[in-house]
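Per-chain residue numbering starts at 1, and chain names A, B, C and D are given in the order in which the chains are listed.
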Amino acid sequence: MPEPLLKVQGLKTYFFLERGVVKAVDGVDFEMKKGEILGLVGETGCGKSVTALSILRLVQSPPGKIVEGKVIFEGEDLLKKSNEEMRKIRGTKISMIFQDPHTSLDPVFTIGYQIAEPIALHQVIEQHLMRAEEVPGKVMEMLKLVRIPDPEHRVVEYPHQFSGGMKQRAMIAMMISCNPSLLIADEPTTAVDVTIQAQILDLMRDLRQKLGTSVLLITHNLGVVAEMCDRLAVMYAGNIVEQADLKTLFEDPKHPYTSALLAAVPKVGTKKMELETIPGMVPSLITPPPGCKFHPRCPHAMDICRKEFPQMIEIDKGRLVRCHLYGGGSKK
Amino acid sequence: MDQRGITPLITVAIIVVVAIAVGYVLISRGGGPSENENAMVLRMIQSADANSLDVDRTKMDQAMQVIALSQDTLMTFDLNMNYIPLLAESWEIGENGAYIDFHLRHDVKFQCGEPFDANAVVYSIRRAGAPWSAQSDTVRNILDAEVLDEYTARIHLRQWDRWLYDWFAQTSSSIVCPVCGEDPAYGVSKFCGTGPFKVKEWVRDTRTTLVRNDDYKWGPEIYQNRGPAHLSGITIEIDANNLTAEEKFFRGDIDLMIGISPRPALIERLTTDPNVVHTFIYPRSSMAWIGFNVSTLSPEIQQGLKSDRPIPSGHRVSPVNDNSPWLQVDGKMTPDNANRGLLVRRALLYATNREELLLLAWENLGKIAYGPLTSLMWGYDPSVEDMYPYDLEMAKNLLAQAGYPGGSPTNFVLHLTLLTTNYEPYVKEGETLKQQWKQVGVDLEVSVRAFDDIESIIAKCEHDLVVGGYTWPNADMLWWYWHTIRVPPSPNRYWWGNAYTDEVIDNTFSYSDTVAFKAIQECQRLIMEDACYLPIVERPFLMPMRVDVKGLSVHPMSNFIWKHLDTYIEK
Amino acid sequence: MLDRVRDFLRRVRRSTTFRYLRRDIRAKIGGGIVLLVVFTAIFAGFIARHDPAAENPSDRFQGPSWKYPFGTDDKGRDIFSRVVYGARTALIIGTLLVVVEAVIGVPLGLLAGYRGGKVDNLIMRLVDAVLAMPGLIIALAFVAVFGPGLYKVVLALAITGWAGYARLIRGQTLAIKEETYIEAARAIGEKDRTIVFRYVLPNAISPLIVMITMTFPAAILLSSSMSFLGLGVQPPTPDWGYDLNAYKKFLGDPMPGPLMTILPGIVMVITIFGFNFFGDALRDAYDPRLRE
Amino acid sequence: MYGFILKRLLLLIPIFFAVSIVVFLLLPLTGDPARQVAYGQGRYDITPHELENLSHQYGFHRPLYIQYIRWLTGYPSADPAQGENATVIPKGLLRGDLGFSYTRSRPVASLMLEALPQTLLLTFTAFIMSLAIGLLFGIFSALRRKTWVDYTFMGTAIFGVSIPFFWQGLMMILIFVNWLKWFPIPTAGEHGLMYLILPAFTLATHQAASLARMTRSSMLDVLRQDYIRTARAKGLRERAVVYKHALKNAFIPVATLLFLRLPFLFGGTVIMEIVFSWPGMGRLLVQGMGAMGASKDWYIVQGGVLMFLVLAVFANLLADIMYAYLNPKIRYGEGG
């Protein structure tokens, strides 16, 4: 088995607030192969975005802090790197697309300038891959790549002159301009309307074909996942509760939470009138319930769930689940 | 592509910095005193400026000292206050004072180059008599002026007036150039006179710059040097903030401090600093007092029927001030009223501790004043000195008789307002009196006002009491207390009510000195008996100068007629 | 009545704001100073050891001592007593100013915010214009025209001061207007007046309090500046600015001359500092964004 | 952008109109304008008859609106002079005549024009000083949020806004002039660079302090924004993130506020000019108001207030332009 591109082990990111410690990410492990699209799904506030930010080490600090864990990217632990090294990795090897294109672009700089920035910095100044005068051309190329109509004029315009979809495209252009090997997309489509969604997703898909970038797609929208991903990781209250490739997971979810999640999605062609909802609330991340964090909402909750925190167990090849239902219990 | 980071900030900064640089270059032309070394400039400093340098538009001391330097009078005083010639070589008085003839010097030129002749005199006299002029009251007894020949001017008098005669020696009678006297546009004096220094620039409340008049050679005989002056110029700087003013003086940036208010620490410093000569002047002619608003003119005077004494021009007819009817004293009023006012005023005089006033307000400089005239004036009457000793019991009794019984620090029976300028000793006088009069139950409110406000309030006769001071050469001051057609700020709205006093007053005009002398003494007594005002102190002048200032002796009239002809600075 | 007060206090103590304040050092220091000053102003009569106007020639120009904490001036008056009474004057001005400004500004702000449209446009135009004017100069002009004195000073400062209140309240009103409970109130057919005063105003109160706290230091600064120029509070009312102007002439003297100006000045700075400090803490406490 | 500026410039016309009304009213509001003018001329013993003449001469007997029109345009022109010097009557604001100052024996307009550069020099020097100090403090304490740097800076800032101008001025003179003798003694009519520094600095303190606070909070707001995170995700250097992206955004509100606060600075200038006897308009104005024992001069008061109001209006305009210039949303109209 080849060395995975990204390997996250026991990642823990806490936020130290006056109200208490928020364990946003409380022990997350997963792997990504080169060129694959991994979907990270879960309810809002389950720690998806924080995981992503932790990988890039962009967690707002204070109050946030990565307390322990490993983020091994291309064989090196990012958490051990110096800030400078880390900075050089951002935008070149790993880059990230954010949820809301409206607020994520700097309103006082032209689109062109913002796209040019990383190119000029990384490729010209740091890596000497191109000369300064090539930068405009490259920018133009990127704009074309993300299919922005008449780039010659758009390049000198400001974000507020762009529509939501356009902004998101520009954002993508900006982020892939140094063709990173890992692209983290944090809810890239939630803020734009459905028609645009499709376009954005297409865009990302064939970018992946063209550039062979692997994508960590963070979303709560299983529809999107279904369209895009090769593999899925389901997150709940700061932990990954289940991992499998798309098909298996959709066909037979093991973890009660996953099934609940799937059940909550309207399926085309089913007669079922009312949707199933997941009972109860997302647990507080400051004082999570003891044992399995899902047990208060779990239909199959057993005593052990209330006492012991379940370990991840591999019930099948590349098929991981964190639940007491599947024997093993916890390691002694 | 838009490469601006925070360039707006930088551009703005650069622009403004440039602007400042340019502005600085444009603006900073040195206006400072004495640029070139060989120039010998006397640098004075004082805390307040004149309100005008036009002799007919101001009464302020600050103005007079500049006018004395830039303009001349027909006669002037010697050190014993005798009349000596200045612009007039000689003069004679017509039979029983119907007119005065002035025979003028032939060699005098105005600073603008115009010759000085009888026309100039006539022009100035008429100007002084103009309805808008500050002098109009003073010269009320001048009928007209007339040119006899080029160098002889005749002043026709309505009647003999020894004080008017005296006026011709006072700075306020200075002769201005008829040609450039008026600024055609704005009708203010261009300050062009015949004096030893000409006003180069007057920046109000900032600095007056005078430069030597090199043609000057007609200085009065009291100076060894008849002119031109040794000094190449004089600057009078205004600095209301004595923190900086004194610092300049003690560092030697200033040669002479005028009109400063005494302060123990300051006096200490002045007396100990070896580089400073400091003199207290007691001009025989300067005192500080507090004036009561006594009354309005009696109906007769308002109709001009009282006596054959002429009604002066510009005579105001002021309303009775209803806010303080008790203050009105008038021969024609009911004796009851008259009495009350009189009693109260006497009470206040008894309730005043002058020693303390002298200490707190004047730091024990100067000497206590007892009557309307200073002890060195011609006609001074020593008998006034023991008329009102400090006696609280007496004061209380008088107040009780006046209908204000039982006054005490806790029980105020009377509320009065005292107007004063912000001249330090005056304010202190007021605040000290406030404390003293408390003892007899009189509540005094001290209201610090601008000079102009006070003038206007008095003009409307709306004051109770006012702090004032004068510098005046002679017993003419008495006129002030008789009625207020004399130099404001005036203490009184007052007219003598009976034949006897009329006669006494007329006698003070008398052609015969002996008669006049007696009358003057009698008047002082009458005035103090009527307690129509409260003398406080024969006002001291602090005039500290640097040791290198030489040849500056002190004239009894202080610096108000001083021309600095002998003054020079030792390099 | 009493238990209503107690209840109110309990609610205050429970409120997040209060809990936040209790942890904020600025609030402690600033609040302490403010309380101290207010106390001094109220009980000036007891705190001052002498009549601020009482002159005793026997001990003039005294340095600070137990008898005269700040020393005495050229008339032998106790400077400390004058400062204490000056605090009273300052607070009176501040309070009056707050009242006047609020009385003018708040209703206009409510009107503008609640009515919107033309009225809003008109009022805000006015407010902007007023805010653009140099307050101190306008105030000086006012005093020059109508004469000096404590109440005139307050009015003079209020001429420009009210606009700040109007703008603040308008903003608040605009925000609150969108709240659902306002919709509800409208739905059940509450009268506009009722809505404004029963629902909108109470919810705009916290920023108003901050504004008020901030008005005091401004009032003290400006009014004392005016009386320093002789165009403000007139004697015999003891006033910091006026006294500093009177004492500044002793600055050049050997000690204790300068102390006459320095000590009262320091007291003044500390007072204003206290109010500003407290106001700051208060604003942060009310501003949820600034708390984590 | 230019359309915007043009709009604002047009807006100035009504504003100046309003200002002129306010300024005009100063004199009538005194109740007895004729008497005020007379006193301004040093004529305290003016007789009722003369007063009558004067008020006819100046047209004070006319209804207010006519007086205003005349004050503004000079029409209907003055009655045939009954007293001397009819030429003293103001010939109308629009003809650049603000009346004649008897206390200065000069036309007010020329006095003001002479003093204006002095005031501007003082104000702008202070302005620049405050800009430098304020921005520096603000940015640093924003970056070192909740550290002792932040606390000290902000503490100092609040202290800075708490010092009364006049007292600080006196202290400056006492310490740096009298005691340390670093600077020349402030002297009326002296306005070299060395004379400028102390008043400018004193004036700057307050402004700088409040500017520092504005900058800090604005910076904190911006640093919280998504696009800053984006910039970091792009791998930009921290310097670029802070000084390019953050600062340029944070500077927009600060710059606006900065100019909006200029009027306050003018207020301070007035006091500074008195304390340091700086020969500017503020000193003229306050003395014209009768402060410090000077004598009242209404035409100077009118002129001074007018000048300062006009300056304030321009400061306001500047603020708007600054905002428009820094903010693309306005520079290139809304929408794509």
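Just a few scattered comments:
Here, a contact is a pair of C-beta atoms (placed from the backbone, for glycine too) under 8 Å apart; a residue touches a chain by one contact, two chains touch by 3 or more.
Predicted, not measured: the structure shown is a model, and the values here were computed from it.
A summary of chain positions shows that the Cα centroid lying nearest the centre of all protein Cα atoms is that of chain D.
For chain C, the chain whose average C-alpha position is most distant is A.
Per-pair tallies of C-beta contacts place B-D first.
Per-chain CA centroids place chain A at a distance of 91 Å from chain B. Centroids of chain B and chain C (each the mean of its C-alpha atoms) stand 45 Å apart. Separating the centre of chain A from that of chain D, both taken as means of CA atoms, is a distance of 55 Å. Computed from the mean C-alpha positions, the centre of chain C lies at a distance of 23 Å from the centre of chain D.
Residues of chain B in contact with at least two other chains: 241, 243, 247, 422.
Residue positions 230, 248, 251-252 of chain C each touch two or more of the other chains. Across the assembly, chain D contributes residues 170, 173-174, 178, 248, 290, 292-293, 296, 326 that each touch 2 or more other chains. Across the complex, chain C meets chain D through its residues 129, 131-138, 140-141, 143-146, 217, 221-222, 224-225, 228-231, 241, 244-245, 248, 251-252, 258, 261-262, 265, 268-269, 272-273, 276-277, 280.
On the chain C side of its complex with chain B, the touching residues are 53-55, 57, 60-61, 74-75, 230, 234-236, 248-254, 257.
Against chain D, the residues of chain B that register as touching in their complex are 4-6, 8-9, 12-13, 16-17, 19-20, 23-24, 26-28, 30-32, 48-49, 51-53, 57-58, 130-132, 134, 136-137, 183-188, 202-207, 237-241, 243-244, 247-248, 251, 253, 314, 316, 421-423, 450-453, 455-456, 458-459, 488. The touching residues of chain D, counted against chain C in their complex, run 15, 18, 26, 29-30, 158-159, 161-167, 170-171, 173-174, 178, 260, 263-264, 266-268, 270-271, 274, 285-286, 289-293, 296, 301, 304-305, 308-309, 312-313, 315-316. Touching chain C in their complex are the following residues of chain B: 241-243, 246-247, 263-266, 356, 359-360, 422, 424, 428, 431-432, 434-435, 445-448.
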